[in-house]
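What follows is a set of structures to go through.
The following pair of complexes shares a single chain, chain A, combined with chain B in the former and chain C in the latter.
After this line comes the complex of A and B, so read on.
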């Protein structure tokens, strides 16, 4: 079954619980120079008197035609056939950063200690064993979820219907 | 049963074969390549020569046998000498075959002007696996104290890094006035040069090499540079020799449209032997990059099978890491505009804007912003979607060190708060 990460921005408060859970799950130590895979933040735009806030939690989007995978010169990145996640085996990674330049979401990161690139693997081993990814499991507001492709399509249809309804009601 | 030929089996040839097989499971696919090797990435040559990547790892798609079995390919290890407009090929064993479609994917060779060829065994190029093996063997069996690397671009800098790491005294020589002449603004190049000088590298610019001999290299101004080893890294030349009589339009390389089809119907080209569309100029140009070759090959393979795939083009872009430094170049640095700089102790971003349009970017020391900036530049050119950053992109750029004012300058909307 292919999975999709979904962020409901209306529920997210950018509390960073997801980012901390990810660091814990993946032994990421920012103080030792590791770069966290997931980041949560608030984007504030518009006039000061009437600001618009967007709450976000961003990690690898596990794109269908993942550009990082195409760009990797040593074939370290692959699609996991079971989950659809973009996973990696960085044994042969040369740290060239081609994957980073290919990613529109600034996700692959370089580990100075190993000299290799790393990224979110969707907690693929947890998911294969029927568990939620760490970031999803810990989210206190249910903003992050992992859904199947068909559930995602249904969500999109419902969302589109909602938007049309709001527009009519407006 | 329809029959197709793929001439050359690097990244573009492999992806062409894979895509063709996916779109047309029952066709015959003949592959012609004299190397008897699995597709090899030229970029990996310096890594292999430096001992950073074992032999098996330089073939990212697996062994030749595995690939031929998985994609059901007939592999002919010989050169194609001629391709004609009626889609007939002639090989060096005088095999004549006619095909329903042909993909030209012969890649490019290291450029070596005739005047610089010499008979000695102390000069090298760096493009193929054999080049990597030859340099490695030479370093392992000879005492090399000094080296001249001719060409101060992406390959040259990696060769210089490799030689420097083995204790060789390296001088980089270039006919241009500074490093990375096609990718770096002069100010960026001078900054990088200073960093490398601090590590002990020597440089000689505006220096036209006229000869390479056993003592080193000779320059047009009559001077010379002694070197135990010379590595020529002055670019590549598209491998188009066997297509010269085919009627396909050839400029610096085989000219293709956005479907990767040449001027001759049924003959396609992909990878470093072809000129795809440069999105910034609208003209065709060689953009010799691994991912570009993969996308072009996949597009050509799909179209050969009868699909209608499109490869709209690309921009010049490069990312390279050398001497623990990251250098990123996006876009055509010769395009006009107003230059802006954000400089902080950890990194700098220098870019050229023409009004609200981003033209080109140089980044040193911050690879994490490269993907967002590259996609922004491409999005500007391919139109359709908004050309302002999304909240996610804005936030990620900010988290990776770019100040709001600078982000707004590049891709802000009128409602953004700086």
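After this line comes the complex of A and C, so read on.
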């Protein structure tokens, strides 16, 4: 079954619980120069008297024709046939940053020391075993979810609320 | 990667990986939610956490802080072994010592102080966490000292006083059944997400939300149907204008007020001076918006205000809080579902639906003939109103410095944080005046550096404890892991102290399980092991749901037996500076506005921190690495300050240097700064006597200051 990450923007408060859960899941060590795979943002726009705020949580979008995958000269990135996630094996990574430059969301990240690429793998092993991705599971407001492609189509048809779809590149 | 490697990397709990799930609770923010945690354990170590599915408070989710539990329990700066001081006080040089020797020193020193200066000279001081409070209180009283003090002297007790003076008991808005909520100075989605979720659930069911907050909070910008942004400290004027309309337009609940309220006439006469235009002038909120908010509140039933704790952090904070609660009385919104409800507690401020022996557990040991406890003469309302007889810790610095009415000579500290005290360095200097200081903590804090004996405490993951939930449930954890270092849990430490001191108190000396089961012997539970074995909280046989209206029927536990719009305890105290009515008064200090044009607000929550407890957790600190002050874009532009610039916040007593965060979360003219940073401790610049005279609470959220741009040296 193919999956889509969906952020219900109306529910997100940019608390970063998802980012921390991801760091816990993936043993991210900020002190050792690791970059987190997921991050939350508050964006403030508009006049001082009446500013507009946007709250977001962003990680890899697991794009369908993933530009990162196409850009990588050593074939580190590939699509997981079962889930549709953009997964990777960085054994052969030469640290050229081609994937990151190709990615519209600058998601592939590079550890300061090893220089090798890492990124969100959709918590693919968890999902394959019927568990939720760590970031989805933790969200205190149910803003993040992982839905199957068919559920996603249904959602887009019936739900008028603004959602940041992880299929932005479709 | 092999299949096993993949499983291991993904931390999948199964026999192949040897990863197993054990249940515990998060004790980072404490004692409210204490969310259920699934600890993923491999070889005796926590390798990951998740929320426990089906748990009453969190049902599988966690907040930002709780999600970082693994780094919290394995923090580098955890205390690893008992220690005794090797250098000068404050120097931070220690040498290890055995638990046995540490206890012997404590017993000898504390008993020496008791013999020479009386038991009152020993203060028992409690910070975070809070799960062991009844035990520490009993330890103090059994030792003979009335000086049991907690950091609730700065946090929660002022609210309790406000509720108690009106309703005779602590109360809480019934968010789950309310159809309209007026959230007043509370950003629930960030400061306590279960509360935030309740507010959002109300909205999702079509309810309306009014937010009144000087900060443009998440709740305000994202969910409010109507948002009022008052000047800091002007809230009572808004509440009084609402009350005036209700009374003059006969929209208050006359029958309710006649039957249940005391002091209505005096109160009505007082609020009659607050016209909408006067309230607009004081608060800066358009009169029309105040009326609209009131209309929304009155036109929906049930509706409730949700008053934030921070309201009490102004030097007229007690009155502000009372002024807001008075609206609940006036509108007859008390003790009905969806309004303000009397709160009960079973253990450690949380409720399992039955009365326990907790209060009796410590009060039965109250030292009858002891000299007055700290702060009791300076803050008579505190002393008269509170049932549990804590001292008011905001008088500690004065008491330590002046030694009046009697000298303090020793301090027993549990999780104490100097940065909660105004002009904090004076608190540490006060510790250095003591003959003896013993400090227990999970982490190596500033206070630790000023102690003679240091005792390492456990986190919730390493101990067994009982926790109550939502008026129905009771949970009894087992340790999820063995102690990470040579540490013990706080109650074990209290038990060791009680034994070393050879106190005449067999119950306290018998340890946690026996004492907690004694306090909860009214639960009807016989088989405590079965409770410990349950993966989820259980219902005690004697737990009863509260029947709304009981309080109205039985009468209020105030001196007049009624809801007091004019506080009879204050009438009796009769001090001219303490008005029985919830008066509006400026909470400004006397600093010259020309020199100190900004109003500083400190302490409002950010998602990744609670006090100073998580500033040293790398995951959490990485989310907002620099201590920073929120400055409105208009002010920033005027002062030529850009995002990330270095600025100095200057008060009449001191200054700190931080980064600028340009955001309209702060109103024009206000700045907002989170507290508890070692390198930028905002409370160190608040004058030590900037206190609410009624409650003794610090005016954390309203102080005149100046913002200066600091030129970064190249």
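Following the convention adopted for this analysis, the second predicted complex is superposed on the first by the 159 of 170 C-alpha atoms of A that agree within 3 Å, B and C clash if a C-alpha of one lies under 4 Å from a C-alpha of the other, contacts with A are read in each partner's own complex, and residues count from 1 in each chain.
The rule is simple: a contact is a pair of C-beta atoms (placed from the backbone, for glycine too) under 8 Å apart; a residue touches a chain by one contact, two chains touch by 3 or more.
Because the structure is predicted, anything quoted here is derived from the model rather than measured.
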| item | value |
| --- | --- |
| Room on chain A for both chain B and chain C (clash or fit) | fit |
| Partner chain(s) touched by A:105 [first = chain B, second = chain C, both, neither] | first |
| Which of chain B and chain C A:48 touches, first, second, both or neither | both |
| Contacts of A:82 with chain B and chain C, given as first, second, both or neither | neither |
| Which of chain B and chain C A:29 touches, first, second, both or neither | second |
| Partner chain in contact with A:15 - chain B first, chain C second, else both or neither | second |
| First (chain B), second (chain C), both or neither touched by A:154 | neither |
| Chain B versus chain C as contact partner of A:74, first or second or both or neither | first |
| Touching partner for A:64 - first (chain B), second (chain C), both, neither | neither |
| Minimum Cα separation, chain C to chain B, after superposition on A (Å) | 8 |
| Chain B and chain C contact sites that coincide on chain A, given as residue numbers | 44, 48, 51 |
| Residue ranges of chain B in contact with chain A within the complex | 41, 43-44, 47, 52-53, 57-58, 60-61, 290-291, 294-295, 317, 319-321, 326, 328, 367-372, 374-375, 391-400, 415-417 |
| Touching residues (chain side chain A, partner chain B) in the complex | 35, 39, 41-48, 51-52, 54, 56, 58, 67, 70-75, 91-92, 94-98, 100-107, 109-110 |
| Chain A residues within the chain C interface of the complex | 11, 13-17, 19-21, 23-25, 28-31, 36, 44, 48, 51, 53, 55, 89, 123-126, 129, 131, 134, 137-142 |
| Residue numbers on chain C that touch chain A, as the complex places them | 1, 6-7, 9-12, 48-51, 58, 60-64, 66-68, 70-71, 189-190, 193, 196-197, 200, 216, 218, 221-222, 607-608, 618-623, 632-634, 663-664, 668 |
